[in-house]
């Protein structure tokens, strides 16, 4: 059975190596400082009793005031699963260090997070939009996407259609 | 040689060969020039056959229009600078004059010399093409192997050396690309 | 390309991007189930299963015994059908004129008939519900499956002899797009891609869900991580799936097919026990299963509302494409086609 | 040989033609008229036969491959789908022949014709019956190879003029293969010609009839090499790398549509018929069947054999996957050519001994046959092993099954359970 390594235990391990890297430790995850992320991840990967060599998934969540990047990792030898998070409160241009050099598997997933959520991963070798075309305006998965000022949801149905404000679930100030 | 079929064939083939040869020089696009070259090779093969030298005619098709034309095409395709067209050279006028001179000289030589008709001398017996023509392949084979055996062997050796040379050149160039099987 | 040799390979995707993750935030948990069969349309059952397990994990519902067995049977049938397509099209990329594909599709048809018998749909099954399965299987399902299980194993071994020992397929795929075990793990590949490179990692063994802990089966592993080994792993997995199905057929128990939910107001078909609108407690959950293409995971964040706050799909095909450039550069065009065939992607899952 | 050589003796249409020619001469026409008339009639006859058999064979091929795929195959058009070929032809005729803007107009227009001509001209040499050969060249076999080499130009013209990268790659592949397999083809034919002693097609058939033996019984290696080289030249199934759907859409005829594509399609079929015709003449005894041709018309026997060989090609197309272009090239240069050299050496020696000592054929041919068969089988295995075919690297292998979770079985990763 895969043991789910809860947040406190991971946070405890990280505390010894990097004193103030852990911001908050919940049962499900350990929140890590954004700028210490790279060395924490390398430590998580290379340490023998943690041994997180396999990055399951990398997800970006828009918590309205902050952006959270969730990393799920597994160790195949010890068969346990853990997850860490980083967050950045920048709305306009959120920047998070890229882990592609720790886990090459994150390459495409970071490009997807950039394309849909607008999070810039600095240090990423080839950060371009992966699903949408280059000229696409706006970041679709953001909560306030539907009523970004002046931006239509992707394609204008006919040229020159004024940027109508769509009432969708996601308008923040409603 | 005199019955009407071969005469008609001869004239059409002659016109075809000379026409395509001329086009090779005139036409703009280099690739078209090669295609006309192939056409002229075929014309020459046809002429051989009208002279009932069937083995040589078929060999001409096989070797010239089959292999050597591909060689020429590869040469054209693989040289990047070739502008793919017959460049406009300033030497057009002198070239034309030279061509005319050579043509007249050849014409004069062709008309004036007293060609030996077959059958006049012992060396050149006429081929009895009246009843059943047994083909020249036999004769060429025998000639190659008993009368001209020495040139045949020398040619074989020469070709072998040429092939080895080609392989060595390619080998030196493409050493990194040869993925081991 | 420089003549025959591939110099650079660029992936242009996104043409089938329906932004499922955005749409899911507008719909209730039960309404999201049909999305999950349209991501990986060749393995709809496993898509449903992964999503439903994520929400059950979020709400800590325990699913009754018979539902576990039904889910395992459906997942393994789906794996066999999906591998039929994968192996067939791989042989097709190697140049056979559709002969193996046609034979394998004929077998896949039989399985799709079973699906139709169970849940009315052949491709987009929408069979699983949060807390169980939507309908019980009709009485003639198990006998039909039994006859199928009699004839399929020797047919698959016939394909193995025909395709795996085929001199030309060996020449075309042996040594193409080789990935070492370390590279496979670093590129976070999963499924036949990972096992083809020799790493014996299978979520059905590592983290047994549904009824996988009660059944006996092996993990198929390749040894030198090339296109041929991935093909061999897929063929071996087909045989293992049949083995699991035999055990499920005679171990399945009677009983309810859906968990009793606390706020049960409007009931679904048959013995209705689930409410139409489910409101899981605040929190997040990441559940993953072994789909035919790899580790298919659903990361659900809920804020207590009727619709998920964040709905992320960890698509195996999308991530298995990461080393595509490394695998194809240096090979010829003919190899590039074989490499893509060996990765076995489903575009619906890549673009979500 | 024909019992009664009257014109109505239909066992050999040649008689009817001969009678016709004498008739024209009696009407006082100049001597070249009968040649022209019989030539035209023969050409029209062959063309009709070709078109009809192509249409039938489109149906047969798709039906047979359909059955191999465990599906039915075309049965919509006409009874049992028989008119499928006709439907295809009409469709191709009606479709608009698009010419892309950037193509090289003259070559683009000329290429289909240039491919079609050799496919037709080859039939001048193939003997359908005892008197039924259009032009009985005594370099018949060499003529077949020479015409085969012409379509390299046509293929290049098609690939180059359609100005499309994949078409050019397809054309280059085809040329590379044609050249390398032409050698193998010539050497395969050389073996046969040495033993028979003449290149005339009728002599070949006559020799096999007199000695009551089919050439493939004496020279199996030459037959196998000739079939493989033929498959490559006609670019059918295991070797259809130049128009491999999965890689190069449709190879050098990607840009063609409408009747131009129809020409390519027809040329491929005619070339295959011609190839089967030559295989039958060289190796399977042409239109003779141990004396049966006295009663059954020669050309019927010839056609049945031709269609049988064609069926083998369809069978190969239905089952074998495609070889990569460089594997095909190595196969020809490193494998087939050497076998052919050895084959010619052995056959040369045999005929030398046979001609010098003057043994009579009945005793010596079976011995040659046995020697050649043993040699062929031994050589193929020995050479394959030498080229590394028998080694584990090329042996089929199943995936290893394991219960051990997380273990690594990669050859480069040392022992399992790392």
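The chains carry the letters A, B, C and D, assigned in the order they are written, with residues numbered from 1 in each.
The definition used in the following text is that a contact is a pair of C-beta atoms (placed from the backbone, for glycine too) under 8 Å apart; a residue touches a chain by one contact, two chains touch by 3 or more.
Just so it is clear, the structure is predicted and the values come from calculations on it, not from any experiment.
Chain pairs C-D and A-C differ in how many C-beta pairs they share in contact, with the greater number at C-D. Distance from the chain A centre to the chain B centre is 72 Å, each centre being the mean of its Cα atoms. Once the centre of each chain is set as its mean CA position, chain C and chain D turn out to be 46 Å apart.
Centroids built from CA atoms put chain C at 65 Å from chain B.
Inter-chain spacing, taken between the CA centroids of chain A and chain C, is 25 Å.
Of all residues in chain A, those that touch two or more other chains are 76, 79.
In chain C, the residues that touch at least two other chains are 199, 201, 206. Those residues of chain D in touch with two or more other chains are numbered 405-406.
Per the contact rule defined earlier, chains pair up in contact as A-C, A-D, B-D, C-D.
By the touch criterion given at the top, residues 1-2, 28, 53-57, 59, 61-62, 70, 72, 76, 79, 81, 83, 103-109, 112, 116, 129-133, 140-141, 145, 168-170 of chain A touch chain C in their complex. Within the complex formed with chain A, the chain C residues making contact are 13-14, 17, 19, 21-22, 25-26, 185-189, 199, 201, 206-208, 283-284, 286, 288, 295, 297, 299, 301, 307, 309-310, 312, 314, 318-319, 321-323, 351. Taken together, the chain D residues at the contact with chain A in this complex read 405-406. On the side of chain B, the complex with chain D involves touching residues 3-5, 29, 31-32, 35, 38, 54-55, 58-59, 61-62, 65-67, 69-70, 73, 77, 133-135, 137, 181. Residues of chain A that touch chain D in their complex: 76-77, 79.
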